[in-house]
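Both of the next two complexes hold chain A, though its partner changes from chain B to chain C.
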Partner chain A sequence: MTRPRSRGRLRGFTTVLLFLLPALVLFLLLVVAPIAVAMYTSFFKWNGLRGLPTDFLGLDNYTRAFSDPVFLGDLWHGGVLIVLSLLVQLPMSLGLALLLNQRLRGRAFYRLLFFAPYVLSEAITAVLFTMILSPDEGLANQILESIGLGGLEWFAEPSTVLLSIFVVMTWKYFGFHMILYLAGRQGIPEELIEAAKIDGAAGWKVFRHVTLPLLGPTIRISVFLSVIGAIQLFDLVWIITDGGPSHASETMAVTMFQFGFKRFQVGYASAISVVIFLISLVFALLYQRYVMRRDLEGATTVLRDKR
Partner chain B sequence: MTGQTQVRRGADRGPARRPPEAGPRAHARPNHNRRNRTQSISLHAIVVVVGAFVLVPLLYGVIGGFKNTQQLSTNPFGLPSPWVPGNFTSVLSSGSFWRELWNSTFIAVATTVLVVAVSAMAAFIFARFSFRGRELLFTLFAAGLMFPFAVAILPLFVLLRMFGLLDNPLGVILPQAAFGLPMTIIILRGFFRAIPGEIEEAATLDGCTAFGFFWRILLPMARPALATVSVLAIVASWNNFMLPLVVFNDPNWWTIPLGVQQFQGQYASDTARILAYIVIAMIPALGFYAVAERQLIGGLTAGAMKG
Partner chain C sequence: MKVCRRSAALVAASALILGGCGSTGGNNSGGSGSSAGSKVTVEFWNIWTTEPMKTYGVNAIKEFEAQHPNITIKNVATENEAFKSKITTLTQSGKAPDVYQTWGGGVLKQQVDAGLVKDLSGDAGSWLGTFTDAAMAAYQVDGKPYAVPEDIGMVGFWYNKALFKKAGIADAPSTWSQLIDDVKKLKAAGITPMALAGKDKWPGHYYWAYLAMRIGGLDALKQAGETKDFTGQPFVEAGQKLKELADLQPFQKGYLGAAYDKPDGQAATMGNGKAAMELMGQWAPSVEKSSGKGIGDDLGFFPFPAVDGGKGSVTDAFGGGGGFAIGADAPAEALEFLKFLTESNEHRKAVQTGGVLPVLKGEEDAVTDPNLSVVAKNLASATGFQLYLDQAYPPAVGQEVNDSVAELIAGTKTPEQVAQAITETAKSE
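Take a look at the complex of A and B:
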């Protein structure tokens, strides 16, 4: 009686192993191990050229990063982009999603159009906007001048460069968030909205007390994705400004790339990539713990409330 | 306040069942209608403005590509006169664009086949086998969602150099597949779980092995989900910039995003020519979007809701 069962278990075990092995090897070797190696090398002074790092520095790379104005600037730029995304880009996407959820002529076309930039690579987007927002003869300045306003310096001026990058980010990504909201809105049963209207709630009240709370899970996901995206921003900035002028648009990933691949200070660059990783991780854990908890628990919360 | 809503609810209950025109509200219709019309015009205006924000940069690229640089500065808004197709034909007749197109295609297809095959096997185990440590392993993979290339790029570069995979398509394909695992496994697991257990039991009774069930029953049934994750993998690979940037030094291996950046550097002053190049580079992505729009949007919303 025991023999066939244990053979069955053994066979089950080998199946599990064989099916999981490729994914596990790929993941451990090319995702987990590099991150572990980055953590290790971040404690060394290393040019990354050959051999293993030997010049142990302890936490010096980290203290260096947090006393370097360029890196502190990176943190500040990330924060600004996050705040702008949350205050401008997401409300805009939400508003458009609700708009396109209504009966509106050309709705399908607009939905298709608004999402299209998301499909283009950041590289193409970056090159396109380098030319459109060019200070000399770019389209944007020609439009501004033709309506009697002066042209702007856009990417060429430290005070406007971050806002200009944000404009490009919005162009590329608002459609993605809009699609998320649209899916979330379509998941709300129409009966609930109608019931609220029958109860005498008008437009804004329906939105504030019915639609918005029911969109909660979608909003929280969309906030999460846009914060993580802003923390890790690289392609756009690298192609458009290289972090300049005078580091005014530099992000953590750009600084890391500069030190790692241009100046061969791999130890210091690794410390920066570990900081990017830790910031993403801590944010994700805290966010899931405190903000998305309700979404993940779902039904149990309802039960507890009843009790 | 509550009393008032109660009363109104009572009063509305009757007429609400009838068609809206027939209710006691009928006398308020003209006013209501006018408000509706101004409202709908302003809503249309918003959508049209946002539509212009998205469309104008794209149109500028297409039309600008048919101008020469002098026309771009003297006649920025109008149609080209005369039309200059030379920018487009010179890009299309250059070998480099077609080579980049081929490289991008090859890398995207290889990445997709690899990541979908490996993830499907892992997702099959996560969805339909129970063993100790399953949830822990799954959480490990799911946590990979937060690891961007930026965090691992330095050690990945060192690792690929060690294996001799620089200037080798495998150096891009393997890491891309590894980083694509989390999202693909999460989506496929959800789908595999939804397939009823009875089907598996019936197959097992008929003498089907675990692999036979996976290969002959589960995968064919999961075709829509496989299409979705494939589309996501193709788009991610097609638009990837950072990894090819460090892996490919040899122009013969460049993908489209690298080619676009390089072309901009090479012809910095010839705006019209760069516009033509990026417009051509957009076509495959936009064409793919037109064909696979449903899978793309379905996959993104599913991924976001489950991630």
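Take a look at the complex of A and C:
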């Protein structure tokens, strides 16, 4: 009796393996191998030319990164953008989503309109805002001046550049988060809201005790995407400011690109890439372990229990 | 049937993977062995994506192919910035195209050290002697030529004669203190004295480099490149002079975020008559026209002024050009093509289009454009030549120069810190 069963299991295993193999080979080749190579080269002084790196430095590239004011500035900018996203961008998206969940005229049009910026590529967004926020002839300053306010220097002033970048980021991504929240809100059964109302809960209380908790999973995934996006921010900054003026808008990815492809210090750039990877990885693991644990139940946990 | 399907899926998957691996290259063409008579393809990487060189390049290749029926030239034209990323990626994988655009200096040296570039001294014969010394200077690595020039130019002040007149300035300044005075006069007349692209950084480094040249002379720059010490007096003083200029706030509004050739950028500001001068290379007039309206006959040129008590001569030129190198594994026909491009009759055609400036001896009369003619004459009588610092030195040092000088102009670094930062980067290379 045992023989056919184990044969069956073996066949099952072979089938699984064969189905997995193409994806696995691609994954190893295109994801795992580059990560391994980047980790390896991050221990060397290497300009990316002349075959394999030979000039071993140990952890020097890492200590250099963490004593470089530019890189420390990158970390600070990343932190500022994350905090601003969480405190401004996401609440705004949530508010809009709830608003557009109400019955109001032209609802579908507004939904489409607010989602439209997300469809544009980052490069196009960046070029667009370079023109709109241009200090001399840009649309924004002309409007500001016509209503009697002085124009701002936007991307041309170290003290305002990071906020200006954040404005562009928000413009581009609030629609995406809004759609997420809208979908989450529509997944909440009306009966619950009605029940709460019958129990005497009004406006704010319904939101606080029914809508918000039930939107929990959506909010958690939206926060997750927002944070990872801020950590890896590159395209917008690169096209709009190159990280300037005076490194005031530089992000880790921009610094990495500068050193890897402009200065040919590929070893150091690899070290920065590994740091970005580790920050993202640690954040993702901790977040999934502690914050999204309940949301993931039924996915990972149950599978493990059955085995 | 089952087995069949499985293996079909496997074959498809592996084809995908192999396809992914196979298309990595630029240099699938020649290899070194090429026998006469058989078909040879030479891959030619250039940056001729804009007129007039775009059309010129296509015609030149056609003509060459007509003369050499067994050679096919694969024309790979890429926009300037994209070209730099593309060539970087290719050389990092240990390959080089057969014939490719280079700006010489530190980047070329790295490629030479990696064994990717062909040494031209053996095959060249009398060919190399036809180029001017200034034009060849950038392509010598350890005393050997690794590329030949196609274009050469220099940086100087392009100024708006009408605006200078309006501010009551009769003559173009010939010393630094006169320049500072003129900046003050222009400001007093309500005119923006200078246009600068702060975002792009490289236009800012021209000021610092020229000042260092005028104060310490060409030898100071050469010596600093060798000893990797930029803390000497000429470099600190160059920073102080530039800071003195920047403190007058001579640049257009929002210059820290301005790009060079974008709308509202340095060239557009100058081309629309909103600033009185810009420090820029020989391409300035054409970019002013394409990004802005262009200022026509009001445009004039004066060389970077002398600094009182400085060792450098006012006739020393700072600039660069572009040339072509040959990949180490390129077929012999690549050299033939390059000789064709830089041969006197052919290169004259390129100069006559206005796209490049003379690199061959006695070619100056082929320049037709009056603005370019001024530059060509200045170059022909130059007593010394210094390549752009971001190309002369290794890439990391060049970028540090650009970065630090940008911070000096923005007021976040002192002249001493600039000298220190560049020295540190140079020492770590």
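One rule holds for everything that comes next: the second predicted complex is superposed on the first by the 283 of 307 C-alpha atoms of A that agree within 3 Å, B and C clash if a C-alpha of one lies under 4 Å from a C-alpha of the other, contacts with A are read in each partner's own complex, and residues count from 1 in each chain.
Keep in mind that, in the parts below, a residue touches a chain if its C-beta (ideal position, glycine included) is under 8 Å from a C-beta of that chain, and two chains touch if they have at least 3 such contacts.
Keep in mind that what you see is a predicted model, and the values were worked out from it rather than measured.
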Return first, second, both or neither, reflecting whether A:Lys262 touches chain B, chain C, both chains, or no partner chain. second
First (chain B), second (chain C), both or neither touched by A:Gly150: neither
With both complexes overlaid on chain A, does A:Asn47 touch chain B (first), chain C (second), both or neither? second
With both complexes overlaid on chain A, does A:Met131 touch chain B (first), chain C (second), both or neither? both
By the touch definition at the top of the document, which applies to A:Pro69: first (chain B), second (chain C), both, or neither? neither
Chain B versus chain C as contact partner of A:Phe114, first or second or both or neither: first
If we overlay the two complexes on their shared chain A, which of chain B and chain C does A:Gly58 touch? Say first, second, both or neither. neither
Once the two complexes are aligned on chain A, which partner has more residues of chain A within touching range, chain B or chain C? B
Figure out whether A:Pro158 sits in contact with chain B (first) or chain C (second), or with both, or with neither. second
Overlap of chain C and chain B interfaces on chain A (superposed complexes): 22, 26, 29-30, 48, 130-131, 134, 137, 261, 266
Can you list the chain C residues touching chain A in their complex? 6, 9-10, 13-14, 16-17, 20, 85, 88, 91-92, 94, 110-111, 113-116, 198-201, 252-258, 262-264, 269, 394-396, 399-400, 406-407, 410, 412
What part of chain B is in contact with chain A in the complex they form? 5, 8-9, 12-13, 16, 40, 43-44, 46-47, 50-51, 53-58, 60-61, 64, 72-73, 76-77, 117-119, 121-122, 124-125, 129, 131, 137, 140-141, 144, 146-148, 150-159, 174-175, 177-179, 181, 185, 210-211, 214, 235, 238-242, 246, 256-258, 260-261, 263-264, 271, 274-275, 278, 281-282, 285-286, 288-289, 293, 296-297, 300-301, 304-305, 307
What does chain A use to touch chain B in their complex? 12-13, 15-16, 19-20, 22-24, 26-27, 29-35, 37-38, 41, 48, 92, 95-96, 99-100, 102, 104-106, 110, 112-117, 119-124, 126-132, 134, 137, 139, 142-143, 146, 171, 175-176, 179-180, 183, 198-200, 217-218, 221-222, 225, 228, 232, 234-235, 238-239, 252-253, 256-257, 260-261, 266, 269-270, 273-274, 276-277, 280-281, 284
Listed in rising order, the residues of chain A that touch chain C in the complex are 18, 21-22, 25-26, 29-30, 47-51, 130-131, 134-138, 153-158, 161, 241-242, 244-247, 258-259, 261-266
